[in-house]
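This is the structure I have questions about; it appears just below.
When the chains are written out, they are named A, B, C, D, E and F in that same order, and each has its own residue count from 1.
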């Protein structure tokens, strides 16, 4: 069994603001991330699969298939977008990197389980780097 | 004479859209950067000074002074902001990285010339990295 | 459950020298790291927590709390310090990166267990990068 | 128990071509990696050991021993080589990064188990980064 | 005037061997880079233009034009290729990074001067990074 | 003419303290860099030569010669050392990165002018990166 990780990037903007909290509580909680007009990041997305080696091709997953699944399920909807305005998962939820990681992992898990019903290659981890200083990971 | 470069980062969002062009021309020119709700980046800002060494301190510029000038003239207004909405230079101009570099260089040049009227240390270059793939520099 | 990693840096000096060994044995074992006057590194410290998402805030841990716990328990005592002279854990133990990782993990574990007695967010891993070429990790 | 990772690099060339497939199938499967005269990469190799701390030295493994085992079992045969022509494992197998990871992990596992028959330090993971965009890992 | 740099990558293999020298002299001069079957690198290519800002678009050069000129004149012929076998400039010349930089700069200079006969944007510098440890630059 | 840059690293410790100033003035000027027992960094050293291409070898400078000159004139004396105690240039001068850059540039200039009295390859620039956030350059 080998683990394969491919790295993607997307540029997006967001504003951290919870509709369940007062303006003052939002400013206190999210600080400058609560700026009314938003701000943005270059997100790094690392997707990790695990699976057995295919003896004929020497691969765990065809890279073209890998890229196509990530592009269709995530990058097309998240790259060069405003997370609050453009992505349905954040109509209600606050686009923190934790919620972003959950949303992306759920999309990728669905894509993989649909594309590979036999179970291999299997999605193992999704990691989002928001900046050089923080990262967020969901492990399956 | 020694050149000293200090690196800063700021997260901001923007939308590339020229009011002088039609919607179709904007989409054609700026592609996905024209998305109505904007997107964002983690900008890297490298500021380069040049000056003689101070014999007593062994320095070209006190780092606290350096950081304070950059923070007050640039970071306070650009970090965690929407360039189109929050920064006066982009009320009319399109916030391309070229215009962003020009605006930041003009602010820093003013700050430095005011703080160091004798001419040293002197601002030599301002460089903006928008993503890992592109950078923009103004040399004085 | 989401894992959150935040990255910190500290600059410190050290000398590798075991009082249990002869001068020749120390030189043989630690090589140039045994230089009498020491040398230094820019250490990278990655701290990983795991926990459930708070539905209201969309976060595993408030970043301000995270930073404050690491600063108070580690950075204040280790940054811009001489590990052998300034840090009590290395009064007797040799400040190898392995021992450094153990000492920092013990401090952080105490801080987290005290700050979050209910168990979440929980400290999962502490990783020290001494140089670009080596890293050291303690997993809980 | 502490995990220690050391990073190595080697430059090598390869061609992806399976003798079990037709020319057209190879071009379809491997794309530009099937170019007849090959191409190359600067591979990054991360080797992770786990073990208890030696109380006298404060180390999990002597770094000189670590480097020497990796150099003798891997780097001497792979660095500045053509994987297809110079490395026996790829006389038949296609030098994909998955097969490369398997081959290197098998060599390192043998070296470590021979050098440390008591079981510690133990090889835990071998990770190959082919480019900035993909990596491959075998965990023991 | 603003300088714009865009970064590209290409994977290629090569062998350093001068037909003007004996086998022994080649081995002595080029060391392991003289390995008969070659080896490879992930080259980083930084291309720097300089020009005035277009007031309407806020740009020095349309990024799509920039990418297209580099792809057509360089990447299409160099990426996933064997420099000695696939690139005409190295039929006779040794594919050192110095010669590689010269060849790529000559191709790009021609492309730019043809595409922008009025002189702006102007090619200013071409930089090749062969590995993390060395880079090569031609300034115009 | 081609410019060639090679990158080196050295780990060293230092304390910023000027004997011309009072203890209070030193603490005020150098802050935590004035810690009595010192601290350390992993310095990155970039050395840039310029010269014509040698037609037979395709090189500006033999890399082995390049490395040997830098190792003998700089790395042997600075790597894994305490700058204040081990390096004669800092017996009196404060080991700021500006003074460090000057000292290293002076040593390299001497080495190059001695080794290549005809003038080519010529030392063009010496750059020291103290941390990820600052760098210092002397251009000739």
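As a convention for this text, a residue touches a chain if its C-beta (ideal position, glycine included) is under 8 Å from a C-beta of that chain, and two chains touch if they have at least 3 such contacts.
Here the structure is a predicted model, which means the values were calculated and not measured.
Shared contacts of subunit E and subunit F, meaning chains that touch the two of them, come down to B.
Taking A-B and A-D together, the pair of chains sharing more C-beta contacts is A-B.
Using CA-based centroids throughout, the chain positioned farthest away from subunit D is B. Rounded to a whole number, the gap between the C-alpha centres of subunit C and subunit E is 42 angstrom. Subunit C has its Cα centroid 29 Å from the Cα centroid of subunit A.
Centre-to-centre, using mean CA coordinates, subunit B is 35 Å away from subunit C.
Residue positions 132 of subunit C are each in touch with at least two other chains. Taken as a contact graph, with one node per protein chain and an edge wherever two chains touch, the assembly fits none of the named shapes, being neither a line, a ring, a star nor a complete graph. Contact between chains, per the stated criterion, is found for A-B, A-C, A-D, B-E, B-F, C-D, C-F, D-E, E-F. Contact residues of subunit C toward subunit D in the complex are 16, 18, 20-21, 29, 31, 93-96, 98-99, 101-102, 132-139.
For subunit D in complex with subunit E, the touching residues are 9, 11-14, 32-33, 35, 37-42, 79-82, 84-86, 131-132. Of all residues in subunit E, those touching subunit B in their complex are 1-7, 53, 56-60, 62-64.
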